[in-house]
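In the part that follows, the structures are each spelled out as structure tokens.
Paired with chain B in one complex and with chain C in the other, chain A is shared by the two complexes that follow.
On to the complex of A and B.
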């Protein structure tokens, strides 16, 4: 029993260390600019978790991150370095918003699923290219998916400034979606919406899939050792392609839920980097379902606290970005024991 | 008619080329630098600050190169000493430094977005008498700033250093055969760190070119993804200096064209995405070429 606790403890430390370092870096930045770090962190904690409404705001902010984190995790565990969830998020959001407006006279029970499935499909299709290139030609998927993000942002921003610009609207946005396309609110005065439950359920489903199904096991083995997998007869390149597309489907769905649940239209600058934060979440959560949920709530808390903190103090909201970046940097760093492989030359 | 466009294209090529050469050297040393954008952004801000405070362009450029190099060093140390994944660390630096820059703007200068202090000394343009009167050639050679000349001089210099000097050999070996470098008693990790510091300094200069070479102020969106375009340029050039310069020039042309198009209501966003699209096409072509080479070998 005692021995079994050890890896669990070191795993917990591995998750806590990046976050603790980010807190320290944030404190240094705050102190250097004449703010009182403890006071600011206290305010952040109460803004994120103090009371039902604040918790609801944190969970709302965590909703897109649950799915972008899941999108990253699905790819990472199979050894695919997909950094393209951001692009899928943009395209999924745009497709759901357009369908939610164009099919506005459909009943909700039909309209919402159709819009979300449409968003997911477009996200999946978007990554077929990098998936095939990696599986068939061995083209580095990091570069292709990174480049596709910029293409998606430019493409959608062209569409909302041109062909899809809402009539009479000066800013870059589509028309608002029909009321029937909006995801129901869970705690009416707050913005927490059904998308949170859907996202949570999908992450839980992923937990079960990765633990208890053959496909889940196979995809992990491919990620751990592709040559071994090939030797035991697993079709590695088709697993790569499947997991890449699955990751894109989830990324697109994330954007669709964000459009139908919160924004209710598509605007230029639709995502403040949810796809990239999702990468940090998957890494911090070590690709496990529980880890993704916890990490998404932590990042959700950071951004919901940052958004309101500016109203009550003179601390710029960007402190949150600094901390998010720091978590990302240290989430992949190996501390202490691990480096006995002669890497220190 | 064509002259102003050539001028604009060369002007927009400079920051991309500077950062791309840095990224190229870094990649040859074994680190793909996704954080160029963050080093560029910091360099742009520091150049404006120092230029306004001292009135000296040289001091501003030195400070921009220094801050870029420092960010490069810290990024490199996390990657080489803590064995962190370079892609994630690079993205993390892009997020954190963008946040830090905006944080500093708000809390130190009380401005959001744009920082426009009085007395910013701009990079002087070098006009060459007589040559400036020749059409096309005059637009290419005359009226450029010192950083543009430096950037283009770095192309043959980098090619020479990489392939004709001991330092270049060591750098190439660090990227290609780390164990060999260790076996002859050198530290591949330190060599790699040095290459990242170089990349950071070049990206810092690229940022300085944008802020004190082009617009004369700092804006949080001033880099506009050019750090990633630089990445696209050295991927396009497959880490060869002249091919990378060609990529930077091509993307500089797009940049100038895109700025022109904005005035005419044409879809500038579609031009903006061309560099990224071209990189994917180039990588696909290379992948196809590799595969046919492999299958030829299998047949013979």
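On to the complex of A and C.
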């Protein structure tokens, strides 16, 4: 009953609890391995947010996560468990990189939008299959989208080791994109780029769409109760398909932005699993725009601080991975609780 | 690069994709790094990240801002970012491996993989026609599987073919590319096809895919040749030898040079047979299978390469030779 009386407070606690638990678990592991938890967390905080350059590094790391989190959220809120953003990210990155060097003599104002739209379209098309299968035949989208990830990663790996391999390169990488295709940097010499602003704007737009538009409301109702939606005349299967493709578009765009904004080419290991981290971010943020932004920044902070804190301590990267893993587990646990409650209601 | 001060600054090693514990490139480099750091009494930090591709400039700049004197970067995709960052930090030295990048404070390290591969090819051709070696069919047929069709990989392959042809002009070298560095199943299939086609020895230049080549050798009773690290122990007796790339020697050398105030900034350091940067494994499990005369022959070939009597073709510098277009 207390939960019902204080919904806002409970929601905030719901978002913060997984982090708090992860911090506690991290502290136990640190103490057990002979590190001083408070000192390590202090270093972590200063490497994540201590000064303009570190904040920029954290926001750069958060950029792909904002969009993969968004890609997951638009699907989840309609009751579609799309786990295929990782594959879309790879394909979108590859398409944007190829357009970025193939159309290198185009002016930036044309080249960048064309490359990004191309990346988004490929991501969207990639999920048409799972979308149709789910909408028409009820085929489990978790299986289809997960499998498509493997195909996308292997396909891009083959392309970058074969037809698209840069001349003279010993390792798997395409040629670099043209300078005109690079997204502008916001705070040189840091790596923070325009892609962060684009991503943030899209998440904000999603927040408005989901709250204030009919389509946004409908897609949520479908996610909450498909049978009820059908009963009140909402076309459920077309909503499923639309949200799946929208999720793919966003996943592809995320990869395109990552290629044009940061990596400046497509290379083997293009994503360390941004698509999967996006799932945790959407779950943690309860599909809300603000939740996605906060969760993406926290994961970005763990990533940026996790790397550079090794310069100043003997804390291995594994501690950060343990914390990320713990956050994900608790985020999912939270999700299960929410679902169960929703089902009873 | 003022020597007295430089040596007091800490040094960093950026670990490539795959991370520490790969029992290969990264672990080998880190071993050399630790050794040099301990001997030179420097403070040295390894930096690992799952997100290493995306964090190139961020990690390099952070280390430079924090006053690190030397940053050795193992990640191949960091080349361009490293060259850019190096321009902004004249007080920090940088090392990049397996590629050449410009900058007065940048040292590039290249390996003469073709030289070690030449020895591997020579040995393979000699044993293939020697039926006294268990499992050989006596036909002059050997093979090589590359991870991708690129000059970086063909550098190994051409050296291997040249070594084999110089021992036996009639040798047939089957060449194939897996277009994948991480799939042992593909390596297994491709190698089995080569062994079915009569190949006695198959050289793998395909990273993780190559583990399947070794597996195929073990399953079919033929031989594989390992690459990069000493892979003889992966399937004892089935790996004829390994063409070792001494990344540990490379990292150890540049860190020590840095500590001694002799950092080779702006230069390309090449490590070949002469520097012990490449070479064949000690053949712990196959040494006794191979006739002593064959091993003596390989030793004399090595001496001829060192003396310059044999010139091994370098695809990266010379383009493709007539015998391999």
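Operating definition for what follows: the second predicted complex is superposed on the first by the 328 of 345 C-alpha atoms of A that agree within 3 Å, B and C clash if a C-alpha of one lies under 4 Å from a C-alpha of the other, contacts with A are read in each partner's own complex, and residues count from 1 in each chain.
Quick note on the criterion: a residue touches a chain if its C-beta (ideal position, glycine included) is under 8 Å from a C-beta of that chain, and two chains touch if they have at least 3 such contacts.
Computed from a predicted structure; not experimentally measured.
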| item | value |
| --- | --- |
| Combined model on chain A where chain B meets chain C, clash or fit | clash |
| Which of chain B and chain C A:125 touches, first, second, both or neither | neither |
| Partner chain in contact with A:307 - chain B first, chain C second, else both or neither | second |
| A:226 touches, of chain B and chain C: first, second, both or neither? | neither |
| Which of chain B and chain C A:158 touches, first, second, both or neither | both |
| Touching partner for A:283 - first (chain B), second (chain C), both, neither | first |
| Chain B versus chain C as contact partner of A:57, first or second or both or neither | second |
| Which superposed partner A:138 touches (first chain B, second chain C, both, neither) | first |
| Which superposed partner A:23 touches (first chain B, second chain C, both, neither) | neither |
| Per-residue touch tally on chain A - higher for chain B or for chain C | B |
| Contacts of A:186 with chain B and chain C, given as first, second, both or neither | neither |
| Shared chain A contacts, counted only where both chain B and chain C touch the same residue | 154, 157-158, 161-162, 273, 316, 321 |
| In the complex, chain A residues that touch chain B | 29, 33-35, 81, 83, 129, 133, 136-140, 142-144, 146-148, 150-151, 154-155, 157-158, 161-162, 273, 276, 279-280, 283, 314-316, 318-322, 324-335, 338-339, 342-345 |
| Complex contacts: residues of chain C adjacent to chain A | 10, 12, 17, 19, 45-55, 57-59, 61-63, 65-66, 68, 76-77, 80, 88, 98-99, 147-153, 179-182, 316 |
| Interface residues, chain A side, partner chain C - complex | 47, 53-54, 57, 60-61, 64, 154, 157-158, 161-162, 165, 167-173, 176, 189-191, 258, 262-264, 267-270, 272-273, 303-304, 306-308, 310-312, 316-317, 321 |
| Chain A partner contacts - residues on chain B that touch it in the complex | 32, 34, 78, 81-85, 87-89, 91-100, 102-104, 106-108, 181-182, 186-189, 225, 228, 231-232, 235, 267, 269-270, 272-273, 276-277, 279-280, 283-284, 286-288, 290-291 |
